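As written, the chain order gives the labels A, B and C, with residue 1 at the start of each chain.
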Amino acid sequence: MSFYLFDLAGVAVFAVSGVLAARDRGLDLLGVIVVAAITAIGGGTLRDILLNRHPLFWITDTHYLTVIFVSAVLTFAYVRVRPPPEHAILVADAVGLGLFALLGARVAEAAQHSAVIVVLMGTITGVAGGFLRDVITAQVPLILRRDIYATAAIAGIILYLLLQSFGLQRSVAFWVGMVTVIAIRLLAIRWGLQLPIIRRSE
Amino acid sequence: MSFYLFDLAGVAVFAVSGVLAARDRGLDLLGVIVVAAITAIGGGTLRDILLNRHPLFWITDTHYLTVIFVSAVLTFAYVRVRPPPEHAILVADAVGLGLFALLGARVAEAAQHSAVIVVLMGTITGVAGGFLRDVITAQVPLILRRDIYATAAIAGIILYLLLQSFGLQRSVAFWVGMVTVIAIRLLAIRWGLQLPIIRRSE
Amino acid sequence: MSFYLFDLAGVAVFAVSGVLAARDRGLDLLGVIVVAAITAIGGGTLRDILLNRHPLFWITDTHYLTVIFVSAVLTFAYVRVRPPPEHAILVADAVGLGLFALLGARVAEAAQHSAVIVVLMGTITGVAGGFLRDVITAQVPLILRRDIYATAAIAGIILYLLLQSFGLQRSVAFWVGMVTVIAIRLLAIRWGLQLPIIRRSE
């Protein structure tokens, strides 16, 4: 199944983003691998625990852990030598977000959950890894401040469901949804888009 | 079943408290909704995962998510216009605590768990949402510092169990336990009650 | 089964370490007990949720909670009177780490998981309680900065598996693995050993 390779690619991308997020936090090599792993499989793991899907995917198929380990060590070595290309990382992260959001939505869809839960589980799959990464490194999660991140995932998954209900083939809807997530995310970065921010009334 | 409406009311109250806690953290609308949801259903979700009760209540009945969404958006809009009435919020939060603590205890009781686990699960249901809310907004959880919060839940649940063992009807014991939680919590706020605090010996 | 008593001893040691970690955070008695409990049973609970082992050990056998409660209250009382002996604590914590790592590995081994998962689950059992303790008290987890902690667990578990594959009896391999974890951990403290730390390239 071709999605499997995409899934592993998404894991690699998020592992890299976890390593980069761990810079400046004084972590050592093992700590960095831990953060990379939580970032890469945290979203899917949380989804599967909430949906009671066992055994967990990375327990039965250890390729996921292998990909994380190799990605994290290579990135660790790389950033000791030269600064990472921020631009490439943002694009890769957006691709990972789009891929995981749609893959997560498919999982909930296959388990016959309602549309609301499909959207929610897809979004959790896409964003929870980065969320956990920020919590364990003791930051207010970025996702809570830059909502066009999760918003992009939500929009793409809703489009995926709508297109199917209009009769479009599932695989086509999948690709359209995924590209939509990526495009919204990248445009939001480029234009600095934001949702309204909560603040005290004066 | 009339408890269902109370349950939804408790969810709404905690969603509001989540939004209010998210003020001053620079969150946007979606981040606020996420914090509201975690505050409102985090306790029940943690309880059900620990007790292996699946599917989770908010996955099969999406009214919970609807109530959270509406409560969060309305509160979000409100606090942009005027400051929230702190007093009303504290009372509402105490009511939510009492309700969730007793409802959570009943769930564990219905599953034939021992009295210790009934008390623990009721307390988790009542306080874990606020606990998670504080962790994800990177604060030392308030509950860890103001223990008359969890203590109130523990006292009310123990009373609920004792009254039943003395032959009182379950539904009456439920109400007495819940009112006890609320009363202890409100009196603790009013009188500034605290348990002893840990400190280094000099 | 003699491991049961060791298991309870490990729980007591980690409960004490949780109380000591909670000093200086302004927690009250109940908050301290909560931190002690999360430190003591958090690792085993996370392992069992990931492996879908239900009911959880501390739900069916409430001796765990009793041990935590008594350990936490006694430690709480003690540190109000005099400073804890740092040295004894580090040794006890290393013993707890070694014991939990090997006990956790045995659990995954008994469930027929692959060697990678056995190592991972043993490590999670040994270190996740302290990890959660640091997250809930809003610190960058120590484990993420001092990796010879988790590294010691990993090394001991790998040795345990290797010795068995060389034909050594399981119980002997268990003890050798556990002593290895403890020895590495204590030597790392004594000599200030560290893995390479991530840093930006200049």
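Quick note on the criterion: contacts are C-beta pairs under 8 Å (C-beta built on N, C-alpha and C of every residue); 3 or more make two chains touch, one makes a residue touch a chain.
Here the structure is a predicted model, which means the values were calculated and not measured.
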item: Overall pattern in which the protein chains touch one another (line/ring/star/complete/other); value: complete
item: Same-site or different-site touching of subunit B by its copy subunit C, using the half cut; value: different
item: Rounded Å distance, subunit B centre to subunit C centre (Cα mean); value: 30
item: Junction residues of subunit B - those touching two or more other chains; value: 49, 135, 138
item: Subunit B contact footprint on subunit C (complex, rising order); value: 19, 22-32, 34-35, 45, 49, 54-56, 59, 62, 65, 76, 79-83, 135-138
item: Residues on subunit B engaged by subunit C in the complex (per definition of touch); value: 49-52, 113-114, 116-117, 120, 131, 135, 138-141, 143-147, 150-151, 194-201
